Each structure stands twice: as structure tokens, then as C-alpha cells.
Amino acid sequence: GGQVRGASQPPSAPATQPGASASTSAAPAAVNDKAFVYAPNLDVVTDWDPATSYSNENIAMQNIYESLTRYNAASQKPEPRLATEWSSADGGKEWTFKLREGVKFHSGNPVTAEAAKKAIERTMKLKSGAAYIWDAVKKIEAPDGGTLKFTLKYATPLDLVASSGYASYIYDTSVVEKVKDGTTDAGSGPYTIDTWAKGKETELTLKAFDDYWGGWKPGQYKKVAFRVTPELTTAWQLLKNGEVNFVQRLNPQLFAQAGSTPGVQATRTPSFQNLMLLFNTESGPLKDVKVRQALQKVLDYDGLAAALEGAGVKGSGLVPQGLLGFTPGLEPKQDLKEAAELLAAADYGPDLNELKLSLTYAQGDADQQLMVTLLSSQLKKLNVTLQAKPMQWNAQWDLGKKKGQDIFVMYWFPDYADPYSWFVNVFRSADPVSFNLSYLKDEAIDKAIDALPQLTATDRAAAEQSYADLQKKIIEEKAAVAVPYVQTYQRALTAGVQGYVDNPAYPNVVSFYDLTLAG
Amino acid sequence: MTVVEPRRRLPRMPDRLAAFGAVLLVLIVASALFAPWLAPYEENDPRPLDKLLEPSSSHWFGTDHVGRDILTQILYGGRTSLAIAAAVLAVSALVGVTLGVVAGYAGGWIRDVIMRITDIFLAFPALLLSLALAVVLQPSVTTVILAIAVTWWPWYARLSASVAASVSTRSYVDAARCLGVPAPVIVWRHVLPNSITPVLVQLSLDAGGVILTAAALSYLGLGAHEPTAEWGLMVQQGQALFTTNWWVVTFPGLAILVTAFAFNVLGEGLRSALDPRRTVIR
Amino acid sequence: MILRADGVTLGYGGRPVVHDVTLDITEGGVGLIGESGSGKTTLARAFLGLLRPMSGTITFNGKDLRTAGMKAFRKAVQPVFQAESLDPRMSVARSIAEGSRDRAAVPALMEQVGLDPALAARRPHQLSGGQRQRVVIARALAVRPELLILDEPTSALDVTVQARILELLEGLDAERLLITHNLAVVERLCRTSHVLFAGRVVESGPTGELLRRPAHPYTLALRDAVPRLGGQPPVARGRTEAAPASEGCPFRLRCPLAVPECESAPEPREVAGRKVACHRAELVLSA
Amino acid sequence: MIRVRDLRVAYGDRVVAEVPELDVGRGECVAIVGESGSGKSTTLLALLGLTEGARVSGEVSVCGVDVMKARPRALRAVRGAKAALVIQSPQAALSPTTRLGVLMRRALRLHGVTGGPSLTGGAGSTGGPGTMGKGARGIDAVMAQACEAVLLDPAILRRYPHEISGGQAQRFAIAMAIALGAEVILADEPTSALDVTVQAEVVGVLRGLREERGLAVLLVSHDLALVSTIADRVLVMKDGVVVESGPARHVLRDPDHPYTRELLEALP
Amino acid sequence: MIGYLTRRLGQALLVVAGVVTLTFVIMRLVPGDPAVAYAGPKATPEQLAAASRQFGLDQPLHVQLWNYVRDLVTGDWGTSLRTRQPVREDLFTAFPASLELVGAALILAIVVGIPVGVLAARHKARLPDLGVRLGSMLAVSVPVFWLALTLQTVFASHLGWFPVAGEYDASLDTTSPLTLWTNITIVDALITGNWPIFTSTLDHLVLPALVVAAYPAGVIAQMTRAALIEESGQEHVRLERALGFGETTILTRFALRPALNPVLSLIALVFAYSLVNGFLVEAVFNWPGLGRYAFNAITSADTPGIAGVTLLVAVVYVLVNLVVDLLQGVIDPRVRTR
């Protein structure tokens, strides 16, 4: 017999067209029976397990599962979610979280400290995806139903860790083994899975969880659909037609158009993701720090920002604004004269030797391509030939691990809102090479990096200072990296949607629960 | 007395399509060759402040997202695209015709082996093979050439094998064998020259297809890459701007269309002149 | 005698089309006649070493073609094929010199076959059918063959041209195996003849005798079907559309004289100075 | 049956056939002989208006229809129905994917031959659904009779062209002429692709039809010997011009023109 | 006939075996560790090792090839590194969607291409012929992505005549859920009488099918024209003229059928070709088909995914060619006896 596609409801129950006229026909403030349609550019879900999930599916999972805390980008601090309050002791090596009362998993089981303990322990045991965030945890205890106590091996800002976009979920371990096929979930969030059809255009639909602890108000969306739309122009046209409500990333031109299109609202938020040009400090022509410094000064940062038209903004240092350790005054500047002098000092230049540099960057990334275009045309004038190779990530990384290029271009963003991620992964020496693709090896720097977590957990001001010092050292003194821009999210929504806030700590995630349809 | 003239219900069209295609093509090739003299601006000269200017008297085709003159880029890009087409066709014809002619002349198990290999490559989805190869070899113009040639040669092998097989049954081949001419000489002197015409026609029909495929590969980011100017790449970069800045994608798209069209017209014209039947798809 | 087929079976792709043929090429010209598709060309190709026998042997001066050094044989036996056997891209001179690689001899050869040496630079399509056939002959003669195998050398030509080519052939001093539909031509050029039917030699003997008093019903039918100038209209004997029988006498389904005995294959036997494969040869002779 | 005066056929500027006079009467057999390219086929095709792209002038009437002036419709009615063509290569002359019977039936329908006594000669070849059954049966009978007239087994109608022999194909072409009630058969080298034994048979059929049914035959051939055995009158062409014409006996016994003489002498 | 079929089947198997080997070789050639693709961009060394073990990448090459073949034969086409679903299931969703699109496009191409080819042949060297030739050459020369974008912007976005993207209106899944039999939406909608989904799918199909059809329609028209012109140069056409048939009748009733065989081979080729090459169109029109799947697999170095698509397309190619061989026998009796 044939199987039936879609329809968790009986076919007799009529439903109105989702989103079809979300922007125009304002529904009365009564019930919002429209579905909110999100247009991702890739398949949504590849892994339904909240412990191991480490990909796009967090767009949906952040609405299905909840963690103890959530990062608030405005206050730059974690705020309550499943935990209502928390405190640390023993120089950041002991953390106690108080859990919210009366919260239920979608399975009907209550969210207790014991359940949370089991969930985190399972995540740690599976050691997959972003499970490393819990590496510092030595022991978890649940002294009573509402208290969760962590003992750590070393000091760490666990409130930040608990707000991570991945692997921080508290889930119902008694049903989690059944979530693989996407028919059920083990979460406690406002939404639960309605249908999932891998490979279909409308891949996933969510429906409201009626017993959500936050309760439901009229105007909130009780249905959410994910409609996979790989092409930007298609997504834009669907949005204009009101067929989708949210497009996660627009290019500058479409963004500009979105601003002036009736029925569409546009938002722009700087992200926590920045582009890095990692210079090979260990071998090749860039071993010479003067050449690296010259490179830092060659790139036309302002021209690039102008060309990006808001898709990226010039940052300051390694840490994007909105995170601890953001240090103003480290903005890069183009200075061709100085660059030429530095190069000449290293015997390169228009009248001296030709310099040949190889660069690898991500295939298919228009913004990186733009950067490469500008960089190579600038370098050409200085008798520097840039051989830029677009590569797929794993090929690029493979080559990088073998130290096969002079400049490695990549994005970096933290898994939880803590700048430590950049330093420990990218600039702390490691053998074999993993992500420290500038191959920087400096004991003093390593030591300073290792001290960061404890400072963050205990003395934020000291941590801030340490971050500032480290950035100056790495960028100015060692010239191991250039940071051309921090990405900006340029998103568009249908006009009737209210309550949208972009949280850069959770890239591309829309908190559907916070949205209402104007009426 | 009655004179019956040939019936003339519809006006007869002079069949000058081949000539038309040839002229068009000469113009295209010339414009690519003389790009440095024809181009109004310097190649690959981004001026971010002049980006996305509409077509005007100073930028006939407008400027792209980094402020390069699109006309200039198209003229230079023609060099890449045409060079790719020429190289792909040369490589695949060389491989395909060699194998095909040998298979066609030798017959028997040699033919079987060669044809089975050809079949395998034909059954392998061409674009996937190209894509896979492009991934293996890293994107570059050479990669594009190899990647497309790998999927292209079987057509020539097949075509020339069938033609060579029929040529090999001609009695002048038998006569040459009876005169004691060695097999390689027979292939070179008789079989090859007499099987080449349909291949040549097919080559000109295919050139357009190669340009389109190369464009598609670049479009996917697997072919030519910055700062090489190439039409497919230009389309790829401009594609997301289609609704806001139509000229960025339209002009390179038209360049591809016109060139592919010119090759097709030439090939089709040649074919109707020489051989009405054969068509092989790209 | 230089070339001899002994119990040769020939075929394409494992399917035999010529069965168990034994045949000598003797002096004075040998003719091969038979209807279209009876295997004449196939046999000729085998004699030229272009086709390997499925069974049986072909010997050249007593040596098996498969084992004997091909070099000596190669140039000794040359074909003159049905009309279009010139490479359309090669000039007359190149074609003629292809085997001998001796350009200097070309003008003499051309004159020998009655071609104006001024035509040397032309290509086949610039020549008439008769001229082309002469080039083909010259090319064969260039390597001084001992035997010419002529497969319908004139059938594509107009009668007037045909007559001149035949004259030329008569004057050559090489031995010849002539394949043709045209009985009058065989009569003129060949001392002995073999009649082929469905891949089998059904009758062989001196040409004149054979055509005057056929001993095989097929030879008879063939002779009577040939129209003669001002003569009686040609006569059709038997049902021509019947395919050759696969067992027994191959001609029996078309044979007006067939008897049940014909269902067993007739062995070739000597009758009235020639070899016939027919149970009813005596009856045919007396008709 | 056929009356030709001052026919001139030219491709471009080149005149490829010029026939001042050619008549074929009922039951007569006239032959055109000559070398390859002398314009024999062209002459024949011009009689049916089938010379594509040629300039034709003169007077041509076939079975009472003026071919030069007739509208395409009237011309198509003459073709097949009155004057039937039999061409050289037997199998190639039949569409490879059409069964012989289907071809014949289509041709019969086209010319309104239904076989039913009340319906013969009517222009309404398509007929209503009611007449179809009867008509179809009538057509079957006509087709069978035609086959028998040329010594063909009617079962052959179910075959495809590649399943029959050359002689059968030629006889089938003649059978079509009979079925369509043609009065003239125009035969362009009808036997040159056949074996002599088969050729004899086809010639026999043609002769029979002439004698029994009074069909007129216009025969094109380069085989003088063959022509001499069946033609009443002969036209000899050379380079597009008729060099000699007259009764067969006279032309072939003591020709007036040197070219005819040369032809005869060349016979082996 | 039976002998011929088994021979052809044997050849087909050989080809498929060749494709499998070639695929395996290419999979191993792709640089970068497939385990990296699976474990994600920030994987730790332990995670990489685990992924390697899971995919058997730590085994020697010949063992890998053997395992690969064994798995294929037992129906295990591996797990996609990208979607983390069994490749076979992925293909089971993607392939029918492509089949629907390519099928519709080919029907369109045939319905347009053949009559247009006949028209051109009928009026050879005259205005309609010139028009058809130029038109068909334009159709084969136009870059599909450009055509797709233009049609979408003009007919869907500006004029609103057709939907912008998608296979059918997803809301219909709740109002009139579709029972799946073949997994091809339009076919299932038709056989279960689900008219809302049927009409919606049809509506959504128009633009993408038009784009995919452009190239096939062009070549089919060219081929039909060429084959017909050649066929009408055959002797039999002269006989048919002499029998009094009109030109159009001759072309359509006598010449078209024998001329159809090369057209049919062409259609088979175009079919296999379009399955994957439609990926750009699929991307623009949100069509969740095989081309897009293949493209994603390639760009994310999803070797099992690539291998799966390759194998599927090869099998389809081989099958379609078999079917065409049989069809050619039906159309042209000469082929049967060959």
C-alpha cells in the first residue's frame, strides 16, 4: 500500500494557506493560524540527536530544545533560560544552577535536575559534535530536583558554556534514542516536530508545544515551516510574494531593495563571525615578519567594506564587537606606501624581486572571492603575484595541515559566545596542526591563552585586558593574521512579523516563539 | 508552349548559415584576440567606488560588483572561454579519434574493448565526472579543460569508430592491404583522412556546448576562478544580482549565447552541406 | 597453377556463406559466375588473403597462406575491384604508386592502361568511371602481379567503356580470376569457369562448353535468362523468389526438375568433361 | 496514352533532356536507351511532373491530362491512378516501415478505388463508416487479384519491404499499377539491380500485362539486348538529346546514327 | 531476439561494472578525507578517527573496493556524508522528482521538436525552415541558468502567471494529503485522483520544464529535420510521389517513421543527460531533484552520495538505451532482424 505524505492532521481539518498573504491580510488579534515559513539555503536537518548535532539543524533545534542559559548579545552576558539563576565558587571551579519549575519535556516527563544531569552526561559520553564544551566538567550532581551542581577540573565560565548553540541542550534521555528518524523529539522548547521529509522542498514543519512553560498568546506562530531555497534570487522573489516569511541572508543589493519594498522589512546585525587571513609564519616568504606586515597594509579595507556594502564591516582586532575582549583601536588600515617600504626592506617590490604567494579560500563564497579579487589586484601593483585557489573545506584544511600555502583564508566563529575560541583554537601552538593555520608558536602567547578561562570566570576586567594585550601581540607584533571584516547578517522578513531580534550568538536561528503577526 | 518553372510557394532562402556563423565567429575571435586594444579599460581593475554602475556611455555594459567594466571583462573573458573550447576540443578529438579510428579499423576484440570503455564513460553522467574531476584537481582553467575533455572524447571515439569501420570496408583499404601497405600506414593514410569530416563538423557543433559546460563549471565555482576573467564565472558572480542589477549577468550570458550560437550555426551549416544525418549531443 | 582453394569454408561472424569450395586458378583465365550474394566476392577476398577461411586451406605455390611468408604472396596477387576502389583524397599518381612506391614508373603505367599521363595529378572524382577503372588496373599492375583478381571490373560502366576495358584486360599478361554476372564477358576472357550457387560450386568446366550445354539446372536457367540482341525474350525457369535450400541440393526449391532424391546433397561428379553437383545432370544435358 | 512534343528539361542553365517527339499508344512498349547521364530518367520523371527544381517546357499529355498545365491536385490524380512508376532499386523504392499491404491500401484509398461495384470511380474515397467494411473487403479483393496477376502470393502484402526479394519488390510495384487501374507503366531501369534470372521473370510479367491487359509500357534501360527483346519502338539518347528513334527492329538492326552503332558494337 | 537481448544485457552489466570501478577510483582520488566531511569542520582528531573507522576508510584499498561492491549488491548504497541518511533513501526522494521534471520536459520537447522538425523539412530551404533552424540553434545555445532566471523573473515574479518555485503548494499536504505509490508526485496525484495536488504540480512544472526542454527540443527538431530530409531523399519517396501522395502525407506517413530511429536514440541520450544537468534549473526553481542532490554531494565531497548518483544515472542510461533498442525494433522492422 502507499504511504501518505504530510498531514499529521486528519485531512478533513481545513487549514488556511500558510504565509500566502502574511504581509497583507492582517489577521485579527485572535489566533494566528498561519505558519511561519523560513527559507534556509541548505537542507535543514542532518542530525536529530541533541547531543551530537553540530550543523544547520540548530536553526530548528534551538526552538525545540532548550539549554540552561541563553546569551544576550546586548548585555554581553548569559541570561536565564531553563536555569533561573546560577552562581560560581572556588575561583570558577564550582557552579550551581537553579532550574525553572514546572517545565515539561514534550514527552510529558518533568525537567528535573536529575534529567538535566543525565542529558549532559550523555552528551559528554558521546564525545561528538561540540561535546568538547563540557570538557572542563569533572562531576555533575543533582542535590535536589531544582538544583544542578557542577564541579570542574579547571576554571571555566560555565554559564557561557551552558548557553552554547550546540551540545548544551537539556533533553529527555528516556526518549532520546528514538529521535533519529525525526518523528519525535526529546526537547522542552516551545515547538515540536510536526513532519520531516528529508530531501523535500518543505523539509520540516514544527508545531507549537501546548504545554510550553512560557504559555501561548494569540498572535504567536503555532506552526513553522522550513522551505529549502538554494538560490538567493528565488528566495527573494518568494519573500516578495509573501510565500516565505524569512530569508536568512541577502546580498547588499537585495538588502537595499528590501529596505524599499513594501511588505518587506530588513534587518542588519553584525555577527560573531569574522574572516581571517592566516599567514604562514613558519615557512616560505611570509616567514619574514616584514612581509606579513606589508600584507596587512596592502588590503583596501575600506574599499572592501564598501564593496561588501554592509555584508561585512571592518572590525577591530580579532574579537567581534558584542563579545568580551572586544578592543577598539585595532582597526586595520591600508597604507600602500608603508607596505611598499616593508616589502622593499625584504627585497621585494616593483624594481626588486617578484614575490609569489599562494592563497587558499573557500569555494563558492562570494565575499571571500571579492576580498581575493581586491587583494590580488592591489598586490599586482607591488610586483606580488597572488595565486589564489578556491577549495572545498576539507581539501583546503588538508593542505593547511600540511602547511601547503602561504595564506589560509577562513571564517571563525565561537560555538558559545566566548572569544577564547579564537585564541585557543587558532593561535595556540599545537602539534599536529589543527586550526592554528598560521603555525604561530610562541610560549608566552600560549601561556597567556591558557590563563584566559579562569580570568573570565573570576575577573572579567582582567580578562578584558588580557584579551586586548594578546590581540595586539598577535596582530601587530607577530603579524600572524589580518582580519578584513566581520560578517554582517542582512536578513529580510515579511512586514507583518513583529518581535524579531537577531542574536549573533545563535547564527541564523530565529526564535519563532518571540514572533507575532501584527494585527 | 508551356513553361513550368520550379514551384515557388514560399521564397527560397539562400543557405548561407554556415557563412553567417563563420563571420560571426571570426568577429568573436577577433574581439577576444584584440581585447587589449578594444577594451575601454584595463583588465581586472576593480574600483569598488564605481561598482554596479548601470550601462552608460562610459561603461557600455555597466560595471560589476567590484567596479570592473563588464565590456572589458567580457572581451578578456572571451580569450579564456575560447581557449578552453579550443583546448577541450583538441584534446578530446585527439584522444577520441585515435581510439575510434583504431577501433574502427581493427574491429574484433580491440574494437570491443575500446567501445566498452567508451560506453562506460558515456554512461557516467558527464557533468558529475567533470565536477568530480574538477574537485580532484582543484579549480583552474586547466582543470576545466581536462574535466570536460574526459567526458567529451567518447563521443568522438564513437563517431569516428563507426565512420572508420565503414571506411575500412571500402575497397581502397582492401586494395592497400593487398599492396602490402602496413596497417598503421593504412590507418594514417586512408582511414583517418576519410573519417575526419564528420568529426570536424561535430567539433564545430560541439564548441558551443563546451563553452556552455565550461561556463557551468565556473558557475559552480569549479572552473576558472578569480582573477581570471571568464564568462561563466562572470555569470556566476552576477547571478544573485539578476533582479537588482540585470546587466551584470545578462551581458556575459549573452556573450555565451552568441558564441555558442555562432559555433552551432557554423556546425549545422557545415553538416547540412556535408552530411545531413549525424547529430551527437554534447 | 599458383593459387588453390582446398575445401574452403568462408563466412562472416561465424556464419558460413561459402561452403567447402575446392578450386584451382589455372592458366587461361578462370571465371566465377553466379547470382548476387552467392559468395563470389567472399571467395575472391579469401584468395587475396583478406579473409581467413573458417576451415580448409588456401595455398600459394603449394604453401599455406596462413603459414607462408606473406611478403612474396602480397604483391603477387592483386585485386581489381568493382569500380570505386580509389581513395577519394589521393591523386591518381599517388594511388598508382602506393604499392611500388615508385613514382617514376607512373607515366609508363598510365600509358599502358590507356590513360593520358597528364591526368596524374587529378583526383578520382575528376575522372570518368572508365578512367577510374583504368587507374585501379594500373595500381595493381604497378607491383607486377602474377595473378589479377577481377571482381566485376566493368559492371558499373557504360557498354562502350566496358568494351574498351575488356580489351585492355585481354592484353595483359597476368593470370586472372574474373568475377562477373555477364556471361558474354566470361566467355571472352576465361578458359575455365565455375558456377557458384548459394556458396557452393555447382558446376565447373571449360567456359564455352559450359554455356553451350549446361549440365546443372542453375547454369541452364542462368544462360536462358540472358537477353540476346534481337533474340527471343529471356525465359524465366523456376520460381526465382525461393531462397536456397539449407539442406540437400541448394537449388532444389527453384529447380523445375527437382525430384525427392534432391533432398540429399549431391556430390560433385564428372559429367561430359566437367564437374557437376547435381543428381539430374544427365537430364539437363539432354534438354 | 502518352504524347510528348518538344519537351525540354533544364537544371539551371543546363539542358539535360530534350525530346522532340514521343508517343506511346495503348498496348505499346516504347524504350528509351542511352548511356548513364544521357537524360533517360529525367525524361521519364518529367512525364509525371516529378522533376524537382527543374525548368520544364513543351507539351506533355498523359492519359489525356496536360501535365504541364494541370493543377497539383489533378496531377496527383494522374500519378498512380493512370500512370504508374516502377523504379530501379526495388527495396529502396518502398518505405522500410510500411507493410506492402498498407502502402497499397493507402494508395487505393487515395485514388478512390474501393473495389465495391457501386463505389468504383467515385471521388469519395474516404467513404462513411458504413461503407468502410464493404469497401475494405472490396479493396482486399482488388489487392489480392493484383498480386496474382503478377504471380505473387497475396500473403506477401503482410510483409515489410526488407522481407521480400528484389524481384518480388518489382513485381509488387507492378501489382500496384494494376490495382490502381493504371493504363501506362513507366519503368525506369526496372531490372538493372536484379539478377538475370529474376530479370527474366519481371520482363515476363511486363510482357504478359501488355498482351493481356493492353497496358502501355514506357521502359528506360541501358541494356540494349534486353530492350531489343520487348520494345516495339526505341529512342536512343545521348547527352540529353534524342539521336535516333524508330521501330525497335529497324533501329537495332541497321542503325542510322553512329552513336547507336557504337553502342551495338560494344555489346560483348 | 532473445540472444540479442541477453547480449545487450551482458554488455549493460559490463558497463555498469565499469562505472562502479571508475566511481570507486574517483572517490579515492578526491582529496581531503571523507571523514572530515562527515565529522564536520571543527572535528577533533578522535572524532576523525571514529568517522574513518565507521566508513571503513582505515582498511586497505582492495578491501574497500570489495566491501563497496558487496554493499552495492546487497542494496546498501552507503550513508551520505552530507545528509547522514542512507544514500538509497536520499535517491528515492530525489530521483522521482527529477524524473517528473525531466519527463515533463522531454514530453514537451518531443511534442514541440518533432512537429517543428517536420515543418522545417516540409519547407526545406524556405522561410519556415530557416526559422526553425535558427530557433533550434538558439535553443541549444542558450545558457540554462540564464534562461531559468529570466523566465522566473518575468513570468513568475513580474507577471505572476506561474509560481516562483517549488514542486507543488505545500499547504495541500494538509488539505489533501497524497498517497504515494510511485513517489512521483504528479503520477501519484493522477492515479489517486488527487486533483488539487495534480493541478498545483502541473502549474509549478511549467517554467522549469520549459527551461529543461529548451535544449532537447532544439536537438530533437534539428535531428528530426535532418533525418527527414535524408529520408525524403530516399528512392521510396519518389515512388510515393509517383503514386500521387501529397508532400505532407509522404513526410508524415512514410518518411517520419523510418527517420524516427536516430531521434529516438537522441532522446535516450538527452534523457540521461538531463537528469543531472538540470541541477541549475532545480536550484533556481527549488526542485528537490537528483541534479541538486548530485551538486550538493559534489560540493561537500560526499563520496557515497556522488557514487550513488553516478550509479543510478548509469543504470538509468543503460536501461533507457535498452528500451530504445526495443522501441526501435517496434518502429523500424529492419532493426528487428539485424
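Annotations for the structure displayed:
Should a chain be cited, it is by its letter among A, B, C, D and E, assigned in written order, with residues numbered from 1 in that chain.
The definition used in the following text is that a residue touches a chain if its C-beta (ideal position, glycine included) is under 8 Å from a C-beta of that chain, and two chains touch if they have at least 3 such contacts.
Listed by chain with UniProt protein names: B, E = Peptide/nickel transport system permease protein; C = Peptide/nickel transport system ATP-binding protein; D = ABC-type glutathione transport system ATPase component.
Quick caveat, the model's predicted, so the values are computed rather than measured.
Upon removal of subunit E from consideration, the remaining chains are still joined by touching into a single piece.
Where touching is counted per the definition, the chains common to subunit B and subunit D are C, E. Graph distance from subunit A to subunit D, where chains that touch are one step apart, equals 2. Centroid distances from subunit E, each centroid being the mean of CA atoms, peak for C. Taking the mean of each chain's C-alpha atoms as its centre, the chain lying closest to the overall protein C-alpha centroid is E. The distance from the centre of subunit A to the centre of subunit B, each centre being the mean of the chain's C-alpha atoms, comes to 44 Å. Between subunit B and subunit E the centroid-to-centroid distance comes to 22 Å (mean Cα coordinates, whole Å). Averaging Cα coordinates per chain places subunit A and subunit C 88 Å apart.
Taking the mean of the C-alpha atoms as each chain's centre, subunit C and subunit D sit 34 Å apart. Under the contact definition stated at the top, not a single residue of subunit D touches 2 or more other chains. In subunit A, 231, 233, 237, 363-364, 392, 395 are the positions where the chain touches two or more neighbouring chains simultaneously. Those residues of subunit B in touch with two or more other chains are numbered 135, 138, 220-221, 239, 242-243. Subunit E makes touch with subunit D in their complex at residues 234-236, 238-246, 253-255, 257-258, 331-334, 337. Of all residues in subunit E, only 11, 14-16, 18-19, 22-23, 26, 29-31, 123, 125-130, 133-134, 137-138, 140-143, 145-146, 149, 153, 157, 219, 222-223, 226-227, 229-230, 233, 262, 266, 269-270, 272-273, 275-277, 279-280, 294-295, 298-299, 301, 306, 309-310, 313-314, 317-318 touch subunit B in the complex they form.
Remark: subunit A residues 2-7, 9, 11, 13-18, 20, 42-43, 46-47, 54-55, 127-130, 132, 195, 197-202, 225, 227-231, 233-234, 237-238, 240-241, 243, 363-364, 392-398, 415, 425, 432, 434-435 touch subunit E in the complex. Subunit B makes touch with subunit E in their complex at residues 9-13, 15, 17, 116-117, 119-129, 131-133, 135-136, 138, 208-209, 212, 215-216, 219-221, 235, 239, 242-243, 249-250, 253, 256-257, 260-261, 263-265, 268, 271-272, 276-279, 281.
Interface residues of subunit B facing subunit C in the complex, by the touch rule stated above, are 170-172, 174-181, 189-190, 193-194.
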